[in-house]
């Protein structure tokens, strides 16, 4: 499936197009080499690594707490789940009990972050299809979520909120009211997005039955999250291997039908509604307590051993494999990100489609490149 | 027949889309005209790092325990210790390299003496990269107007030399700190 | 208010007497008038294009809950002028492998073709540069020139994205030319003339007698096909930003880019003006009682409304795919256009 | 299946080629011998009771010093597979030890397509050679990278700035 394309292999009427790393719809710096026949894609080779920052090597040179800000930068659209995956891994390794209130706060924050991340997906996806306005609308709603985050942890993008053993700070008193107002408003705004996109015949024409992802390909290539749920497969780590307080909360897993671009879109729309419910439920169930962080030594030294954590990030399954030697620094950290698996399905499902469809398919996979390159 | 129905439905949905965008046309903008209007930053906002001073005496709270320097994940903080004539530690130099700083807030969290804080200030772009390396005076100047409350109970300090209350009084009783700042080289602890 | 045509006619009459009394042949005066009309047209249209760019930015901004340009002039009205000046100063980059001559002439053709269409557009009562008796055919012929310039630009850039954009635009404009022309025929059949001025005169100052009502289908087809003709969303495939970066003008910079850009907006105004002329009664007021408002105000307001609808489309809809675009033209619009002509013919036969 | 069930089932099948790591994690951690590696992978994927159809991640680890690491004490490279099953909802970590000099192993990218990129990554970052890999190009590093294998312990490159020890 992967190899270098070069000019000598080309037949008549075929040509190579180098799409990216600087291209409006490669969402950052993905480079795709396309073999085209007119408008049709005959072959496709993705090249990644333009954002490689060697975070895994950095992790080996930082203490467990010091590495937490770096996890913000793995997936900049959804830093909370990245934080949480790291925290969960170390808590599992060191056997740390997390206070219940912290778990609820984690759920609120990760679900809000899931909405924020899906909003970026929705905006960028519609932008890829040529509709500019939903992009601005989604960013307008995302701002509100970022305001909530900034109110709580002081940052809008690199939150560094979920910590090993808990969370960094309690929510401010006005947070709950603002969250309720946001959720109420956001449900109406979701209807607006759907009015512009969901049943729009142009949108339907661009997305229905385009880029169908068969379930076996998805499983084989390691796709996860909404990408695999779009292929009519109800798989969600929050249900399958529950962590945090998800077992106490009530939500469903939306799935698509055939696995085309539209299914992946509608799964994310419905997930945003579910996340609204989850955030509300978690806020209502928030225990009265002041303890938001387990008592830990200043320099954390987990026992020697290894662990792998796995949580449901907005884009799919995210996890860390951590080897500890009992030192204050991890011996080896392997970061498994959702986009890494999701990007691998791009080539099998977009060959044979047109260049306009490639943009739609790639948009629907919701790949964040820094997550792939790390 | 179903084709005609589909077509009509399609046109209807196109009109629904137009109505939705038209709905937002007369609404007031949600954006701000940045240099003339400004957002009020939340109290917890994590922006430029400053050094806090005692509001009564105007002296730095820092007693150079070096914990922020050790905990900084990007090594943006450099502190050198010095001792005044009362054998109390104070930071002879305190440099924060804002080109490295990732505004994670770890330094504020680990500080036991309410002396370093991330503030809501965010406008610090300069034309020269070297100007982003803030020294002690600049950090102190930035921290002058920052309000803070002594919210943290002092943990046992990593070095048992100074207790926070002593540190505060120590820094309060340091009248010649500006002079020592000018000639700190002789007093540095390696 | 000012009735421009009467004032101009008075000036013309005065000058004519002066020319005759001075013994200069009147042909010089006619030449002078032509040059004057040309200059005025270009000036007005350039201003219109500048205005439309600003207007588009404002409309998009307000639809998207923001403000758009606000700094240059009140509400940023001078923003396009500032942008134009900036583009003038920019380096004019010609790719080393480009076909230099073709690369140079493409924006010029686009620009000139865009402006030439206005010779026959009646801006107001008696306000037109030339009243050709085949005015509508002339407009259709001239606006199709755009495709040549886009193809030239796409080919000469020696860039695969530009080439794809050029090819897309050629296929698109040639395809949509057919339903566009057929939809115009209905109005021509009703008016019984091809002169744009006479078509307007035939519609009269009653808005229920304008051709949008008997030609509702034709109007819709014309408007959709015209949207495609001027490469606006949802038919902006030649310059589909997310697919082809900028399509045919990906290699253009500086003033050449500005010429393409302005030509696009002038074309948008053209198709709206033609639609106004053919279907919305041109410069005629909606009811006779409103005739005290100058005719050119009516014309401009109707045209600008149609331009606004075009912009509204752009900021609402996603983009079609290239095969869907072709399907839509040949399988949907073209049969409808034929049905429209047939029904119009039937109606004309029965009622006249 | 529970941790014990999986371990018992695998021990029945592979016997002495399988070494179980004792830890308190909820999922089994096993070492499989290098010779049986491919057979093991194929078995755990196709066996209807195990049904590990999802390769969560594949990581290389470098243990240059004796006594480092938890399971064993010899110097080695390790390839670590995190596997999970969609149908059975259980997971497992399988590890295989490689020689410290010229580490090489058969590819499993034909068993799980997801392994393709993980193996390419381990190839360029650790220098672990995956034999018969369909596309052994570097994935993340630049194409003309010539400064060795950066994820190995003790690596230094031209622009390498070590974290200051404080």
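By written order: A, B, C and D. Residues from 1 in each chain.
The rule is short, and it goes like this: a contact is a pair of C-beta atoms (placed from the backbone, for glycine too) under 8 Å apart; a residue touches a chain by one contact, two chains touch by 3 or more.
Being a predicted model, the structure only gives us computed values, none of them experimental.
Note on connectivity: the fewest chain-to-chain touch steps from subunit C to subunit D number 2.
Comparing the centres of all chains, each the average of its CA atoms, the largest separation from subunit B belongs to C.
Taking A-C and A-D together, the chain pair joined by more C-beta contacts is A-D. Separating the centre of subunit A from that of subunit C, both taken as means of CA atoms, is a distance of 45 Å. Between subunit B and subunit D the centroid-to-centroid distance comes to 42 Å (mean Cα coordinates, whole Å). Between subunit A and subunit D the centroid-to-centroid distance comes to 25 Å (mean Cα coordinates, whole Å). Rounded to whole angstrom units, the spacing between the C-alpha centres of subunit B and subunit C is 56.
Looking at subunit A, residues 62, 133, 137, 140, 196-197, 200, 202 sit in touch with two or more other chains. Looking at subunit B, residues 14, 17, 20-21, 24, 30 sit in touch with two or more other chains.
Shown for subunit D are the residues in touch with two or more other chains, namely 163. Residue ranges on subunit C touching subunit A, taken from their complex, read 60, 63-66, 160-161, 164, 233-234, 236-237, 240-245, 315-324.
On the subunit B side of its complex with subunit A, the touching residues are 9-11, 13-14, 16-17, 19-21, 23-24, 30, 41-42, 44-46, 71-73, 102-106, 109-110, 118, 158. Those residues of subunit A that touch subunit C in the shared complex are 15, 17, 23-25, 36, 39, 126-133, 136-137, 140, 196-197, 200, 202-203, 205-206, 354-357, 359. Within the complex, the subunit A residues that touch subunit D are 1-4, 48-49, 52, 54, 56-57, 60-62, 92, 95, 217, 219-222, 224, 233, 235, 240-241, 304-308, 310, 317, 319, 321, 323-325, 331-332, 334, 336, 340-341, 344, 373-374. By the touch criterion stated above, subunit D contacts subunit A in their complex at residues 23-25, 27, 29, 53-57, 59, 61-62, 68-70, 80, 82, 84, 86, 89, 91, 93, 112-114, 116-117, 134-135, 137-142, 150-151, 153, 162-163.
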